[in-house]
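In the two complexes that follow, subunit A is the common piece, with subunit B as its partner first and subunit C second.
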Partner chain A sequence: MDIVVEQRTPATVVHITGSVDGLTADTLMATLQQQIDAGNTRLIGDLSGVSYTSSAGLRALLATVKQARTAGGDFRLAGVLPPVHKVLEMSGFTTILKLYPDVDGAVASYPA
Partner chain B sequence: MSDEGAELEMEEEVCEARRERLGDLLAFVERACALAALDADVAFDVRLATEEVVTNVIEHGYAGAETPGPISLRFHRDPRQVVVTIDDLAPPFDPATVRPADPSAPLEKRRIGGLGWHFVTRVMDEVRHEHRHPRGNRLTLVKRLAED
Partner chain C sequence: MSAPVASRKRVALVIGAGSVKCAAALGLWKVLKREGIAVDMVVGCSGGSLYAAAMALGYDAEETEAMTLSMWNRDVTKRRDYGSMLGAFLPKLFRFRGHFGMVHGEPLLAALRKGFGDKTFADTVLPLYVVATELATGQQATLAGGKVVDAVRASIAIPYIWEPWEVEGKLMLDGCLSAPLPVDVAIKEGADVILAMGFESPYPRRIRSATSYAFHVNSIYTNNLFRANYSFHNLAHHAEIIPIVPDFGEPVNLFDTHKFGHVIACGARAAEEQLPYLRQLLAEPVAKPSSPGVGSAVR
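What follows is the complex of A and B.
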């Protein structure tokens, strides 16, 4: 899994590529946590390069959305691929997290 | 070996059920899915269910034990189905005691975790649990393959 963080005012985009599984979820969690700690609470997870996730990955997403909202921001997802969308749906996360077709749409969803 | 409908029996992967070995176990199932030439959707489900079960054994199976015992993983594909078998020597696991996940719970009530077993039963066609003698558990995960 690779992670690239990009500031796209007014949001912070975390581009994730690869598998978010039991081996990589902690790294993702730590990266997202760092952003929240730095005050970047308007977060976007770009999942257009993520082909696999398990409950370990969802744990990281859930913890992040809780913390971001507590801090007055949010954690929104962009470009979710069908297999990952299925996992989000099975867990009911599609009703908790806001999903956008692409990063541009997710950035535009935050008030400037 | 990758011919459509071919039989595939992977050599067993056996190791100590500790977190450091999760990578080997996940690599085994990924390799098996590739060698068995499974459709991407089927491979995804098999990989997901196996990761959830293996993680469960590592994190909870040997909880309280001084050193974790073994976990073994087997993969078999025939023209009709994929069968993944996970054995351990841990205290008895009773699937009936797993607290069901509630996919409709609001954010505030969501527990971190608790979803793994829910995924296993959702994505596989059959999930069988047996107590092994004199001790241990066997979980058999079956995914049926669509007929052409």
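What follows is the complex of A and C.
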């Protein structure tokens, strides 16, 4: 899994490529946690390069959402591909997470 | 005394409700067999219980396909249960028994007997768990003993369609009413890696009969339950749940047995997609247990 962090005022975009699963979830969570600890709580997960997520991946996403919201921000998803969207839907995550077709839309969703 | 450390991860295969779509589990089963990936338990619900039972009894994919083709056809729903319906709709004239089904249960039972005979859970080569729902309490029931036919018959007792079935003195309905994809059973029985093959129920395009209305309403309930349960199980499990979600590319309905080949191929394809990750995951060392034992099977 590759992770690239990009500052796109007023948000921080985390571009993720690969699978979000039991082998990679800890790395992703650590990266996202670093951003929250640094005060970058308006997060966007760019999942346009993610083709798969498992239960461990879902737990990482949920933990990040809770931490970001507790810190006054949010963790929003952009560019979710159909296989991942199906899993998010099956697990009820689409009812609690904000999803956007692309990163630009997700960035615009945060007030400047 | 410290708990013994397992030498490898325990793998469970969970097959949820989904009528003919559940045959996709045979495609997954073929891939696992080919790759030499051992499964430590199988859990089935509703249509999934047919395949879970066949796998646990040691039938191979081809045998199971032939068996389900011979038993799962329109003959099992052709005969109406007029006695049951009269009791339900004219209770003053005909005694109402507290439940009813529009379709007679005898052909279904005969079909199941053709497939499983008098085999019991003691005949299985893999631990088998079949999920049904207690009519009186609504509780999920995990059946792991007695005759396989009884457990499967109870697990597929679709409400309003078939009468509930008595197991261990309790009337049981379709497992779909309490656990459409019973991942929780695998968690409780100590599985580390759970291969979860689940299906949401399709909604008919048009509702043209009482039966299709009953199916539609059932689907609304069970699809919402499916998502709620799956969400909780994902968060509750200590290790990994791998969703195996075949894309059939076309509607697959209750008796589309002519689509078996396609359904099985889709199941195999979905399994192939997860294979690289599954191999990596199983190659990882087993995490040291941090708490004492998990639930054990009552067989």
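Methods note: the second predicted complex is superposed on the first by the 112 of 112 C-alpha atoms of A that agree within 3 Å, B and C clash if a C-alpha of one lies under 4 Å from a C-alpha of the other, contacts with A are read in each partner's own complex, and residues count from 1 in each chain.
Here, a residue touches a chain if its C-beta (ideal position, glycine included) is under 8 Å from a C-beta of that chain, and two chains touch if they have at least 3 such contacts.
What you see is a predicted model, and the numbers here were worked out from it, not measured in a lab.
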Fit or clash - subunit C, subunit B, common subunit A: clash
First, second, both or neither for A:A56, with subunit B first and subunit C second: both
Which superposed partner A:G72 touches (first subunit B, second subunit C, both, neither): neither
First, second, both or neither for A:M90, with subunit B first and subunit C second: both
Contacts of A:P111 with subunit B and subunit C, given as first, second, both or neither: neither
Common ground on subunit A, meaning residues reached by subunit C in one complex and by subunit B in the other: 21-23, 52, 54-56, 58-59, 62, 83, 87, 90-92
Subunit A-touching residues of subunit B, taken from the complex the two chains share: 22-23, 26, 40-41, 44, 47-48, 51-52, 55, 101-107, 110, 112-113, 115-116, 118-119, 122-123
Sites on subunit C touched by subunit A in the complex: 198, 200, 226-228, 230-231, 233-235, 237, 239-243, 245, 273-274, 277, 280-281, 284
Residue ranges of subunit A touching subunit C (in the complex, touch as defined): 19, 21-23, 52, 54-56, 58-59, 62, 83, 86-87, 89-93
Footprint of subunit B on subunit A - complex, ascending: 21-23, 52, 54-56, 58-59, 62-63, 65-66, 69, 83, 87, 90-92, 95-96
